[in-house]
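So that we are looking at the same thing, I have put the structure below in structure tokens.
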Amino acid sequence: MRWLTSLLGMRKMKQWQVDPRGNDGLALVEVDAVERLSSREVRIKMEATCLNFRDQLLLSGRYPVGEAPVVPLSDGAGEVIGIGDGVTRVALGDRVVSTTITNWVDGDFDPEMQSESLGFTVDGWLAEEIIVPETGLVKIPKEFSFEAASTLPCAGVTAWNAIIENAGIGPGDKVLTLGTGGVSMFAVQLAKMVGAEAFVTSSSDSKLERARALGANVGVNYRTHPKWDERIRELTSNHGVDLVIENAGTLRQSVNATRYGGMVAVIGMLAMLTEGSSPPNNDLGGLLRTGVTVKPIMMGNRRMLSRLVQAYVRHEVEPVIEEVFPFNEAPAAYRALSAANHMGNIVISRG
Amino acid sequence: MRWLTSLLGMRKMKQWQVDPRGNDGLALVEVDAVERLSSREVRIKMEATCLNFRDQLLLSGRYPVGEAPVVPLSDGAGEVIGIGDGVTRVALGDRVVSTTITNWVDGDFDPEMQSESLGFTVDGWLAEEIIVPETGLVKIPKEFSFEAASTLPCAGVTAWNAIIENAGIGPGDKVLTLGTGGVSMFAVQLAKMVGAEAFVTSSSDSKLERARALGANVGVNYRTHPKWDERIRELTSNHGVDLVIENAGTLRQSVNATRYGGMVAVIGMLAMLTEGSSPPNNDLGGLLRTGVTVKPIMMGNRRMLSRLVQAYVRHEVEPVIEEVFPFNEAPAAYRALSAANHMGNIVISRG
Amino acid sequence: MRWLTSLLGMRKMKQWQVDPRGNDGLALVEVDAVERLSSREVRIKMEATCLNFRDQLLLSGRYPVGEAPVVPLSDGAGEVIGIGDGVTRVALGDRVVSTTITNWVDGDFDPEMQSESLGFTVDGWLAEEIIVPETGLVKIPKEFSFEAASTLPCAGVTAWNAIIENAGIGPGDKVLTLGTGGVSMFAVQLAKMVGAEAFVTSSSDSKLERARALGANVGVNYRTHPKWDERIRELTSNHGVDLVIENAGTLRQSVNATRYGGMVAVIGMLAMLTEGSSPPNNDLGGLLRTGVTVKPIMMGNRRMLSRLVQAYVRHEVEPVIEEVFPFNEAPAAYRALSAANHMGNIVISRG
Amino acid sequence: MRWLTSLLGMRKMKQWQVDPRGNDGLALVEVDAVERLSSREVRIKMEATCLNFRDQLLLSGRYPVGEAPVVPLSDGAGEVIGIGDGVTRVALGDRVVSTTITNWVDGDFDPEMQSESLGFTVDGWLAEEIIVPETGLVKIPKEFSFEAASTLPCAGVTAWNAIIENAGIGPGDKVLTLGTGGVSMFAVQLAKMVGAEAFVTSSSDSKLERARALGANVGVNYRTHPKWDERIRELTSNHGVDLVIENAGTLRQSVNATRYGGMVAVIGMLAMLTEGSSPPNNDLGGLLRTGVTVKPIMMGNRRMLSRLVQAYVRHEVEPVIEEVFPFNEAPAAYRALSAANHMGNIVISRG
């Protein structure tokens, strides 16, 4: 069919491609827009896309995917501008956000779903247009900005999955989150939304101050308190917190900061927080008599994203966005993420 | 040993007893205080005790217990003034509240626990002093008043059990509660605490107005809207709510007001709301294709009461108390409950 | 493209279509095979397909779908003979069975999935070939017959969902199933597989005898014992069973036959068992103090089907198949279902 | 009252006491029987009591309790020979088994319950008589031997808690248990009861042979296969098992042997299996991307013991008992446990 479409005059669009030879590992190129949507596919005009730590790992070749996709970024929001045969869940003109894994609708993650991971195994959001199967979409209402929506799929859903779906945190409970990145700031906001207390660590007092301004009840500086787990115990009458969002490779300290019967939710890859963190400690020998469950959390499904959208729409809380970069300056957004001076999320908009 | 204690001079105390010949079914009598605590028993000076609908059923002989106990009322709070052998959970001077069923510590209710139901199968709180096994106690902090604490064990824990433990309601979800009694007002407050929307019905616009002032998002007058279930669907884009707290004998309408996959939590005995309510409708024939789970909720255990205390202490929300009566005027409190003009809870204090 | 394919000479295949003017509401017709698979679609040569009660309701116009599909039947198994672009879950030559709702992979049913219900909203299995999205398929090993596999998707998964996933039945528990149809016979076998006791009702002593031969521990004739709920209580030291699989429109009796804290799983549509059953009774007024949860079960997802296949492959138990009809005699299979003299499942094979 | 009882002539009974100076850390002494039961207490004539690994740790001072109790052993069964005031759950002549922690009725373990841990914080079963609060008792039927019942409370309930309550193992699932001690043999039997496959490791081929005779499907010798986790993956088409019962301090290998989304249930104290085992490995760094939940299991509550009793009574399976020693030769039973040549349980009977 190619020659047919070509005869009709091909539409062009711009996208950033992963390119080791490019500017910061990225190259801005103009490509032919794929005109023909398969059945159940939806074309979306990208309005905003959000960076996560793993996007950076991908560029530097440290994320464990086989072959890198052409277009990076898993999180984004935009407007529906085309629909394939049989699409029933969205219509032209709808404002939508996508799940990071477009065929993960409900229930548990299954490794076979990995083949539909936006920005990792299939082309992602860092382009003027993206084509996504309708199974991956959630509608957003007018009063919710594209920038805000774009932060939810990875960081927001991960925090939701841990706090609401897995740990069942409720009013009066206590949640500890490590550092002040995207997931952590969602953890603070969601803990507050369900009536819990939020504890946060950082190496920077000024970030802790900002975290408190955003709702955190207690901040602990892990440089001043390298034994931050002991500090958390002191601050909780020696009980420990109900849940730790562990993304720093400090499993042993996180378990020790948790109450008997509580949970440590391990995010992503026991990550290498670039802002620096406590030295790695993940040996649990002798520690499990503490009765703490250690559970890996791998983002989340569409049902969770849908509930999360509803929650943020309902509440007068905005996701924390540090800075919004224009599409043409995408590499600058990656550099800002790298510098790790931000709190919350870094977003790229259509510009 | 009786004669021994007697020789030592018996201490007296006052208590209200269930007495069909008495004033409104109650008689105020002076009795010898039981001096000898068994092992694990705790003596408490009653400071506040709270009435529930089933307390009224008991007085009028409509509550299905075998033989009525001498002293009524299941909910109360006070100060520890005596401890038996082996007591480790509380100490003299502690401020405490009790579970309604003193041996229900955690997990599910088991009918064999019924034998330790305060105010129903064993003597309850409507007395100057009460003796309770330590398994039934939860400590309350100084900043929490006895009156507030006394409202939690039955009405508060029931709402907590339904909303937090069973339905797992979270931010952005929707909860409907029927009427404006004790359980309903807790349902409104807890729904708000976990970030959900609260819907409430009543036959009185002024009560709906007050409910809104207390945080309810939406009120529906069931006299104006006898098909209140249809009204709820309209107000929720025809989806229905996530949870209905059903205490009005209107199961069919409650199921109809609930979204596919949601829950109807049936409180108590599909009760006879004295303020009047929709005509009973509990036939589910043909309705279950709606995918709604119907689950009876029978108050709750000590772990729930403990979490609930923590939640109210944490938040700057007070349980809704309509009126506080002095101990000597207990029958007036029962009459106020009967009149059903109140919202929330009616409390009797030491006075 | 139609004219292109047509030029190439269209392949023909036979299928039964729903046709009110046809033989028993069905007509056997020859149609052009759809040659072009969309992306992610799989073509399957039907080897066996199984009837369920709702298939019969469809033919007689009593099943609540909008417009009937052309080809009926939701359950089937066969061999993969064609794969569309992007298919990764199965390969040519694989033996497969499909879920009844082909986009229900995991988690809860969502009404929007209804649009992909085989034999109800899209063409089903009563054809020589069927095209199914790969999301709906589960592989079956060689040692498992197509006939056996075809019985699992609706009846088998429903029983699995109720017993294993929802009620968490384990060794020593008690399960009651009403009647001796497809779901009921799976309920008996699964209850036994997890070490529970199986109770079954029927109007026929000879069917009860056969049920016992298939593993049921206790049979109750509901003609002899119209108060079969009371009979079940007697047989369980007055405790009641842990789970009732309710598919007879007798909710009130089912709740009464269940222990405090147990569950009644309501199957399908509070169905109209054709073999006759107790008079309908679904009013729960006053009954919920029994602490029994009433939960509708709507078949199940692909993860459940996958676990079920593994379970039957592992165990030396065969699904109960009453009779296998050849493809050309499909109406006879429907008539056999109607006659309701069978136990377990009725299957149609390629023949 | 002491002098009173003494006047009446004190009854004597024998008990083994923990005594560092004694024979193998134990001394057989004759003591006055405590005649006066407190309210809710039950006196039991010990008929059988069972040893667990932690009982041995206690004798050698390696179990972390404050002060050792006088009488060891947490698991036992016998006949009720006395009941205190208010006892309603058992009667004289009843055959009973006790939970290891007598106030843990349902729900989660709470550290404050530790104060009622038989044989650890209060006197245990290695005596002719024991006094237990009625909350800790479960009745056993006549057809179930005291010896069999005595093996259930610690080892049996632990396996039940992991397999049935936490991991929700069902037909077709796979369970791996490490070694052939008490918990492991229950794990094999319970896995089979719920229709799952049982995998077991050992350093001894003859033990693996016996394990297979008892129902295990697959045995792996961890001397022959020091990388037994890789061996398990090979044997499961590289998927891994659904659940590992981890009691060997080899968390890293256990996680590696588990499928994505599965569970490792950590028993007790990441124990020091005396028969020798793989070198300790508990560092989870980098491993949690496997999606495996690590959950500590701390025996279980009375509801679980009650379900377990029902399960064993129902099935024609006997707990695995290696040897029964008479009461007078208790130290020999401890030595047999130490020698670690046994499979399953070692029991001491009244003799």
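Order as written gives the chain letters A, B, C and D; numbering starts at 1 within each chain.
Just so we're on the same page, a residue touches a chain if its C-beta (ideal position, glycine included) is under 8 Å from a C-beta of that chain, and two chains touch if they have at least 3 such contacts.
Please read all numbers here as calculations on a predicted model, not as lab measurements.
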item	value
Partner chains shared by chain A and chain C (touch criterion as defined above)	B, D
A-B against B-D, pair bridged by the larger set of C-beta contacts	A-B
Gap in Å, rounded to a whole number, between the CA centres of chain D and chain A	44
Geometric centre distance via CA averages, chain D-chain B, whole Å	40
Sequence positions of chain A contacting 2 or more other chains	108, 110
Graph class of chain-chain contacts, one of line, ring, star, complete, other	complete
Chain A - residues contacting chain D, complex	64, 108-111, 249, 251, 260-261, 266, 268-270, 280, 282-286, 288-296, 298
Of chain A, residues touching chain C in the complex	38-39, 85, 88-89, 103, 105-108, 110, 112, 115, 135, 301, 303
Chain A to chain B touching residues, read off their complex	164, 168, 170-173, 190, 193-195, 197, 307-315
